[in-house]
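Here the chain labels run A, B and C in written order, and each chain numbers its own residues starting at 1.
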Amino acid sequence: MRRISTPVAYFVMLLLTIVSASRTQASWEEKLAAADGQTVRFNAWAGSPAINGYIAWVGDEVHSRYGVTLDHVKITDASEAVARIVAERAAGRETNGSVDLLWINGENFHALKRAELLHGPFAFELPNFRLVDTDGKPTTLIDFTVPTDGYESPWGMAQFVLLYDSAALPEPPRSTSALGDWIAANPGRFTHPAPPDFIGTTFLKQLLLDTTPDRAPLGGPVDEATAADLTAPLWAWLDEASPHFWRRGRAFPSDGQALHQLLDDGEVTMSLSFNPGEASQLIAAGRLPETVRTTTFAAGTIGNTHFVAIPASSSSKVGAEIVANFLLSPVAQARKQDPRIWGDPTVLDLDRLDAADRALFEALPLGVATLPPAALGPTLAEPHPSWVDWLEREWQRRVQG
Amino acid sequence: MSLVLQGVTITIEDQPLFAALDLEVRAGETVAVMAPSGAGKSSLLLAIAGGLRPPLRSRGRIYLDDRQLDGLPPERRNLGVLFQDPLLFPHLTVWENLAFALPRGLARRERRRRIEAALERAGLAGLDDRRPGTLSGGQAARVALVRALLAEPRALLLDEPFAKLDAPLRRQLRAFVREVIQGAALPALMVTHDLEDALGLDATITRLATPQSPSAADQATPRSIASARRPSSMPG
Amino acid sequence: MSTPFAVWPPLTWGILVAPVVAGLLGTLAPAFGYLPAIGLTRPGLEAFVELLALPGVWVSVALTLCTTLAATALAWLLACAFVASTTALPRARPLRRLLSPLLAAPHVAIALGLAFLVAPSGFLIRLVSPALSGLTSPPLWVFPGDPFGIALVLALVVKEMPFLVLMLLAAQAGRPVERQLLAARSLGHGPLAAWSVAVLPQLYPSLRLPLFAVIAYGASPVDMALVLGPSVPPVLAVRVIELLGHPDLVHWATGAAAAVLLLALAGLAMVAWWLCEWPVQTLAKRLLRRGPPARPRVSFALPALVVPAAVGVAGLASLAVMMLWSIAGRWRFPDSWPDDLHLDAWIAAPDQLGVALLVTAGLALVVGLAATSLALLCLEAETHRSRPVPARWQLWLYLPLVVPQAAFLFGIQVLLVALRVDGSLTAVALVHLTFVLPYAFLALAGAVRTFDPRWALVGRSLGHRPGAVFWRIKLPMLAAPVATAFALSVAVSAALYLPTLFAGSGQVRTLALEAVALASSDRRSAGVVVTLLAALPMCAFLLAALVRARVERRA
């Protein structure tokens, strides 16, 4: 693999030198030298053995290639790490923070960026960033309507999809209203993770986009004056459907993984995911029945990009940049997209790769349950991050109150 | 009323501790089973009372008034048991210890009367609210006896009940116990290693034949050694 | 007093008490609006106003109180029934050994297994499906995770009953229980009544603190509640953790206020329990005054054994099904056995869990050694005192156990962050020590305090210093209880979830943390973690058993 990527690195470096010739920053080669021996504590959600295995592979690679030690700090939610970064700043720690690299997007990124707790901008200067499909995948530059401004580097693509057991459900519903009808006709066989789990919150956002009378205001911060009207149809839909949810809507799975387990156990017939390749990966891992398939709503589903960011308090910023750059390399991106490994779609533009690298992607199997890109349907933009908190609180008020 | 043992012995890993014992104790009569320490006499008493624990096991049959006792739980054997220690429950007052023994179904006034009468008879009047810890050795022993009798037993078992008392108290208590046994016309079985105890209760003496002391194996029935009895007027 | 042992009690006292007090202060201050580090400088009750405005907070409060008291009462009843009936039925006594794996198994391991056991698609339903139940798809029960917390209560009972049984048996040891029981039964009382009236009241004073520890844990069972507790809304302790984990600092004060409320609830539950002692005692006295039944009824000893034994079996089965999952291939409803067995999850384990296993074992080893040594040295110091140790000591010992963890761990974290040692192994080890020490003490106190002082006298008469007597006479003679205390310490350390999460800032990953993280995702990996978590303390107990066997052979 090293043989493949070294020419790429040179090519990219050449590009970079041209682009950033005017800048006074240390050259990439100097950074590579400086990073040797650094330890990068990568705070990343660790709820999936497939992802943990992939990150372990990345650790091996960056260690043998650049002498960077990658320490996967396993967390159950990115907000944990965000809370820690904030706490350390509150306690007056400016350097040597406990997080060097963080898997992040959406409201967590928004919070850290607003509080000026992130290192950067660094992403646009990564040699491999030139390969990112910024035109075809605009969410690599705009995260939940907030410009990244180079404070986070894209890692993978996500699109909201529904998983279903084709043995029990040959024709899955392909719109919010069809889903509602199906739930009413099949009580107890549908649920979603409890917000603030991000799959649960994304499901609410998807419902909101599908039911709201006017999508335009969702692109801006929540305005309490209009929020009630914008979300009224969403709550009406839930009020009607949730009594027919799994466990009558009195209990919810904790996250997407728990929901997949329920699908495997046969307690529910549908599951939700933000990764179009996840179903195939789970089937390959023996965690879902082979009859599971993926579908989306005909009118489109929410899509976004997930990123890695570097806290300003990190003392291994250079090492973290090296890792972020490696995560963007065709080798790493192709392995990540492999449904047998993880199945997470690439952020790269295949047209910008040379033939050998493109072949890496073209050799990948699609996966038995993965839709070809053309069949995924339109991608809907995320609402403004402020909606996340608002929707979560309102949902909790309605369900728990 | 009589307590009958037929071929009773205690075994450990199928080895008997003493030769099988045949015994009949009639109402108002006291039989003392004598043996040196460690011969298994306390275990014999536990076996009769229903408190024997593995690895010790008992063999033979035990009857009380033609009712077979072996196999029954202790609470269905109708036996009053007195140990070396009075075993008064330390968290209960004297009154509560006694009330704990008096069978259910009596009117409250009748219960009170009986308990007071029993205390009076034992020379314990006025000690109702005392805790066992504050009683003297002799007082505690008498409360224990009164408690055993209040449960209306059909026979009494005594395990060296005087062993822990000093000489004058012993004499006093022996007299009291003898009086009680004869008054209630109960069969009484005592185990002891002290001949004085046996004689003091007018007991018929039988010895356990143990492997260590085969010479003591006068496999006699209790009747045949009735001559060991001494006049009841003899002091201690 | 000037023996070399005099320094240890104050030091140990510090380890037990200082973190709790500092933690409580660090929680109280932000709750009442004062923590300059996060911009809170005006003391007030705003955090509480905010807290009480949270949706469903009163439901969480009621849930916390009810599940805590219900679980404690049920565990207590069953523990009493179990001890009473195994005391009455000697042949049932080997059942007591059945409980020791449950004692050693961490809460989260039990919760994970139990959740799979009783779920609508769980093992029990699979056993009878479709042949007996006629079910081809799981039934639509709202259980576990039911809104009333019944599943949570059940899981707490499975875990706490063995603890109370152990405490009851320890309290019985050294009392003439057998003969007292026989005396009571000869008066005509059934075995259970005899035990409850004649024995239990004597034991109760030494059981009150362990019961309060059960209440404190029941109020703050975050790992269990995350797995099978109610979710909308969850119990208060889960909300404390959610609020304190929120990226927005505004929620911290609310979380601290929730922790203070939790503390108050646990206190309330303890007071309620204490108040209930009176009527129960009066009722027992009244029954007692009625005397034995005129004609003894059938014995309830066997029926009384059935329920607690079933609870024990459910606990063991929980561990067993998770072990089966760790080697299961495809295993779908309604199959009662996996399609195939393979070791994939175990093969992946060294990569995924190797570090966590090393960290857990290393921590347990170090903390176990430290706790056992400190407890031993303190107890030794006691014997060199001229005056007896005041009874208050015993109370302090229990402090880390009777304060709900969620109520003071946040304060400890604030402290650790301020000292810049949060997230370090040292910090985690120190906080572990606080929670492990009481158990090491409990396991050792009896043996050391009843150790015949004449042995030491003989040694000193022969011209040896106290230290030499301790090392060369006392320690070898006490090897068995010392090994047991060490094993118990290892078990407690391996099971700690919240203290590890807070002191380690989530960065020191132990198996208990991995278990919660994997709880919802992959049952095979979770099965591996549960197996390792159960195996680690079992190894320590096995070691203790070997030491005991050797001591007995020598004797």
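Quick note on the criterion: a residue touches a chain if its C-beta (ideal position, glycine included) is under 8 Å from a C-beta of that chain, and two chains touch if they have at least 3 such contacts.
All values reported here derive from a predicted model rather than from experimental measurement.
If you draw each protein chain as a dot and join the dots that touch, you get a simple line with two loose ends. Farthest from chain C, judged by the mean position of CA atoms in each chain, is B.
Centroid to centroid, with C-alpha atoms defining each point, chain B and chain C lie 45 Å apart. In terms of their C-alpha centroids, the spacing between chain A and chain C amounts to 38 Å. Distance from the chain A centre to the chain B centre is 82 Å, each centre being the mean of its Cα atoms. Chain C contributes residues 88, 90-91, 176, 178-191, 194, 197-198, 201-202, 285, 288-294, 296, 299 to its touches with chain B in the complex. Those residues of chain A that touch chain C in the shared complex are 41, 46-49, 52-53, 56, 73-77, 79-84, 86-88, 90-93, 98, 108, 111-112, 187-188, 194, 246-248, 250-255, 257-258, 261-262, 264-267, 285-287, 289, 393, 396-401.
By the touch criterion given at the top, residues 37-39, 55-56, 59, 119-121, 137-138, 140-143, 145-147, 226, 230-233, 244-249, 329-330, 332-334, 344, 348, 351-352, 417-418, 420, 422-423, 505-507, 509, 513-514, 516-523, 525 of chain C touch chain A in their complex.
The touching residues of chain B, counted against chain C in their complex, run 46, 49-51, 53-54, 73-81, 83, 85, 87, 89-92, 96, 99-106, 111, 147-148, 150-151, 153.
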